[in-house]
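One chain, chain A, appears in both complexes that follow, with chain B as partner in the first and chain C in the second.
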Partner chain A sequence: MRAAVAPQADDLILSVREVKKHYPIREGALQRVVGHVRAVDGVSFDIRRGETVGLVGESGCGKTTLGRVIAALADPTDGGVHYSMDGEMRRIDRLEGKAAQTFRRNCQMVFQDSFASLNPRHLVIDLVGRPLKVYNEAASADLVERVVELLEQVGLGRQHLFRYPHQFSGGQRQRISIARALALNPEIIVLDEPTSALDVSVQAQILNLLNDLQKERNLAYLFVTHDLSVVRHMADRLVVMYLGKVAEAGETQAIFDSPHHPYTRELMAAKPDLEAEANVEIRGLEGTVPDPARPPQGCRFHTRCELATSACGWEIDDIVRWLEDAPGMFEHLVGVERTSEFAAELAFDNEEAAGLLSMAVRSEQVPEAMRAAMRRLNLDGTKVEIEFEDVGEVELTVRDDGRMAACVLTPEEVASWKNS
Partner chain B sequence: MLDERHCAAPVASVRDLKVYFQSKRGIVHAVDGVSFDIRDGETLGLVGETGCGKSVTGRSFLRLLPVPPCILAGGSVTFHTHVVCKACAGVGCEACDGTGRQAGRDRSVDLLGISSEDMRRIRGDRIAMIFQDPGKALNPTLPIGAQIAEVFLQHRTEELIALAGLPPDTVGAIRRFASQSPRFGDGWLLSLPGPRRAQRLRVEESLAKMVADALAETQVPNPGKLMARYPHELSGGMRQRVMIAQALACNPDLLIADEPTTALDVTVEARILELIRNLQQRRKTSVLYISHDLSLVRRISDRVAVMYAGRIVEIGTTAEVFANPRHPYTRGLMAAVPGADTPRGKLAAIRGTVPELVDPPTACRFAGRCPHETGTCRSNDPVLEAITPSQSVACFIDHPAQSGERPTYERVTK
Partner chain C sequence: MTDVQQSRIAAGAMTADTAFRVRMRRLFGVLQGMASNPATVIGLVIIALMLVMAIFAPWLLEPNSPDPYQMPRDWGAVRKPPGTPGHPLGTTNEGGDVLYGVIWGSRTSLQLSLMVVGSTMIVGTIVGSIAGLVGGWVDEVLMRLVDVFLSIPELIFALAIAAVLGPSFGNIILALAVVLWVKYARIMRAQVLQIKQHDFVDAARVIGDSKLNIYLRDILPNAVTPVTVQATLDMGNVVLIGATLSFIGLSEAGIAEWGVLVSEGQAGIASGRWWASTFPGLMIFLWALAFNLVGDGLRDALDPRTEGR
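For the complex of A and B:
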């Protein structure tokens, strides 16, 4: 059992330890499991009382899945979420009876799409009052008063009690969702993109409301979002995810001042805010997020990183991926025989294509770091033998002042590239 | 970004455009008297919140609005088609004063008045559109190549025939094939072994070449391979590139981009923006860029128009509007975006909600939410008037009101 885990600060309420969530890929008539989508692949962080932790990343990086695991809406494949109860940390998926109830009422969730998360056939009084009824907190006249009280806290009123969700605007519906989450006086609320479906003027209202409620009730928030300007405004600490892993974590301000991971830096460069100089260059990332069923070796970001070095985990998949887009070679590829993730023999149906490949991987056509990582390259007729340096997974390392980043480069190296 | 000589002629002018929608509760004034010009070669950003009528304005250029429930209640959208300078083929030379267009040869058409036949000739050829969700805008049952090929078949039949090495007076099944208007039996005729089949194959070959060239423009790797793929096999960013290739295939004079990056990740968004900007500058296309994202519009546009509740409340050069916003709504929008040093919980939200656009009263549309409103604003309707040669605003703060007290920025109404 991994019940009680190390960090035992008094104000800790939730601690996420090496959480993994893999979804099986099934194929064929027998629905055999042929692989796993590693939506979340070993993530750890803590949430303390009254603070806001921001969880950011591109779509498909596993941030929503992680949010659902934390709210106990999905069971982790491995690792666990530990909740502080009566002075000890207990794994939430092993709680039973009374204890499970206590956790569920103390951890609430607000979803992105308020159309989908509010039952269209229920009145507001049912939606907001349901948790109170379920936990026998209130009934009849008392229930109405409690619901009105909650609605007033989120800026709605008694006149809204007997209306259906479709009669409200997007911002008002999100307020109803928040009122419902507040009903049982929780300690922590998981906010899954609560404002991304809203306009900026309404977003400002909701963010202000969330902040007021947090101060009033000493709530902890896990703020899942892809919007950096919102997360900078709201979060005390930040966890940046990429492809199921934490790329960087630390104090929000410190990360914005000097990102230690190239991915964080790219995210920020892609969306400069309104106050920045108008001529600041916007930069995007090359390529797409790799397949989470076959995440890249070494550092998962190396396929798109401009700063990648030979130690970042170049592998056979990178060669194959590059071949797919290279005209005149992929059509002639007949087989890839791997001895490991880093070594393989690529067979072509003619010598010309094999020659082309061995020329190409020595030239400017492939990233310099990839060439540097190549240990062996043999051209033998129609076959090309390639072997890369064997590199282990790039681990999240602790930097100074409580920051963590998973990058082989030092912060200075990342920063110097930014200026060039 | 834009030099003086381009500014002279507008490529399209919208005048007092009114688009209403029939609904159960009455007539919704979705667009209610909008006027603006899109100048030659510029990017005009159209910003506003959900339901302010920005997409309806964009779609009215191509008449992509279903009538009914839509009612084109009035106004005009005049489009000036250009004739490309023969001496330099649009690059810009001395003969055409660097504009790449032949002066004095422009034709004007009212897009709301022409026949559907004429509209189809302009749509996709002279005016093209990029939609918000490439997943929905692309046909899931056709490979990418076939979808882009349609544009050429519809609008570039002559070039296609010339490129295939056929005489320009080719008629019959081959021409019908090259203009996508097959008759019964054509398919059978063209698949029989013989000269017709050889000609068809040549047309197909040159078509594939045109499609590959169009795709290559958008910097996709290996266009030849992409053509055989279906939309669902591609990522969001790639799909949007395909749609851009499709829109720019015929080198349009005006491109309407309706939130082209909203469905994409930030990192991909930056790439797509860069691509649109590069292609626009190279081809001197004018762009109407519709978005709700202020920081994005600021980066891509030469001029900005801010829309609220079916009206344009402020329009001007990007630098002016962002440095010195005059309308309280523009100010409110900018303040609502969380900045680096906005204290938490102190975001300037605009109070209230967007008004219903069913039979709106004669008043400023922003009255009721405006922090500076007076009695004047509630009984008079401000019009868009110039305050500097390049900036106009519709607010009594800058224009004298007919009667009653004038609002000021200092005075805050509770």
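For the complex of A and C:
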């Protein structure tokens, strides 16, 4: 599916199109590929000149992997990142020679761990001057002046030239990283959780610095973070990711005013809001993120969603997962014979356990939505036949207000739950 | 030339100088760390004395002609005890001066250890780097080769090679080199695999630096610490193994080498002529001990947990 209408080429810098990044899972002595971790599973969005796009989600949702693909540190398995060059959109993993260099210079990155991303054996002048040396932009005396200029732009100075990274505080080190990223005067910087390792007060300073630099240089940022409160005031637009897919995308303010996806809503609630009244109960996302090698059918969030309906993609895996926590049944389960992701025959070693299951899935022990999605339930001796409604993947679609969300519910339905 | 240009050139010279001084201070910090450990200092002093002895051998004792690395034979004074005029540490069964063997033997040992450690470190570092950087089947093939080498005990392997090549000191060097490079290959590969995961390597890729530059500037300098420590330890071990091979007769007889001397003298120990084996044996012991002490000290001083943090 293509996301939205193609924006005007002249202010577009990067266009991410259906990017997938799958990592093979290998097993055994022959290292046979037994499956794929779908870290990023088809994501599209655009980044325009001078804007900040926030890429948010829990850890493990694929946001960092996607950031690395966009910075050309990893090649996509499928789809591609297109870079605007001479009025043309070109795939970055197919660029060569001078064109590759142009992209390389114009897309820089700042990493989360400032200590790990600065070579401990290099002095600040080596670290910040290195990009200039790589492209022969400055030699000895000039280099010093250029590096000092860059350091001054990030609030450091000449006195820091000949120090090692370990002689700085975390915030200062991140400033050095930013100075290095600025050295080649890029169009866009991928910021991978640049403030997550910092104290809150230092976080604010770095965010202010990034804001100022953006205004001065008309920089675009891709701000990758798990922390919605950080991007709230930074990002113009948000892309919310869940398990390798986009759950919701749109203007930051609009999303904060009324999230169209229950996941976004939960993510916002998971963070204590300092502006809200005190004593507000902090709710968090319940359950764990499912295995990205076997993402859930339908909507990937249905396993944890409080709003899940019968149309959200209930499947055999949900039954098996539920059984794992069901004493008296799971230990008697001897086999699951699937005819599809949605239909299977569960075999037990005794009739009692089979009977228990067929009763349980009819009762309130399982979510109502799961019961509603069940098309067939057959108890046959020691075997239980279960079949759910076959539901396709829930796609990201444009809503009435022009925003995009991947949810079977309408924005009104999500909003009403929010208020209840 | 304008004033600005001149001041910029001056600034450039000043920076190179400052950067150099800062780097020296860091190196000095490592030395200081080593100096704070008394065992390391003892090792360093022993090594220094050995080096002085090796360098000034021709001035300490007149070199034997035509080949100074052959033991001079004084057939008029065989089996003399220490204290004999002209032979302060006594002589061997064949009239070899034990003091000559001790002093010129330090040159032989230095030669042996430098050549073996130098060559194995270079070969091992290159092989390990290729395995770690390229990966895939290249890594697989190289590492299985290393496994084969490591599955045979060092001493026995070296002994077999030296025996096949025939008894000579040169062949001992060759045998040890063939056996010992694998250790460096394995250490280096592990280091490269670990360091290439570091964010600073990705940071260099984002800048667009070349693969060679990333290897030379980011990976190699951060990988050499354990290799350096292993090399220091091996400087001692090599002499120990070399002496063992010499002792069992895989070196040519009559050369000024500590292992050969121990071998020559061992027959006399039962008859009370302890000196011919003891003095060169002591030198082997001190040499191996000193480099082990310094190697351990170096490891502590370069420990990433303490270094630079």
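Here is the rule we use: the second predicted complex is superposed on the first by the 407 of 420 C-alpha atoms of A that agree within 3 Å, B and C clash if a C-alpha of one lies under 4 Å from a C-alpha of the other, contacts with A are read in each partner's own complex, and residues count from 1 in each chain.
Going forward, a contact is a pair of C-beta atoms (placed from the backbone, for glycine too) under 8 Å apart; a residue touches a chain by one contact, two chains touch by 3 or more.
Remember, predicted model here, so these are calculated numbers, not experimental data.
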**Request:** Name the contact category of A:S59: first (chain B only), second (chain C only), both, or neither.
**Result:** first
**Fill in**
chain A partner, complex, touching residues on chain B are 49-50, 221-222, 224-225, 235, 237-238, 265-274, 292, 294-295, 298-299, 318-319, 322, 332-340, 342, 344-351, 353-354
**Message:** Show me the residue ranges of chain C that touch chain A in the complex, using the header's touch definition.
**Reply:** 8-12, 15-16, 18-19, 22-23, 26, 198-200, 202-210, 213, 217-218, 221-222, 308-309
**Request:** Write out the stretch or stretches of chain A touching chain C in their complex.
**Result:** 68, 71-73, 101, 104-105, 107-109, 111-113, 116-123, 125-126, 130-131, 134-135, 140-142, 144-145, 161-164, 166, 177, 180, 184
**Asked** Where on chain A does chain B make contact in their complex?
**Response** 58-59, 169-172, 199-205, 207-208, 211-212, 215, 226, 228-230, 232-234, 256, 266-267, 269-275, 278, 282-286, 288, 324-327, 330
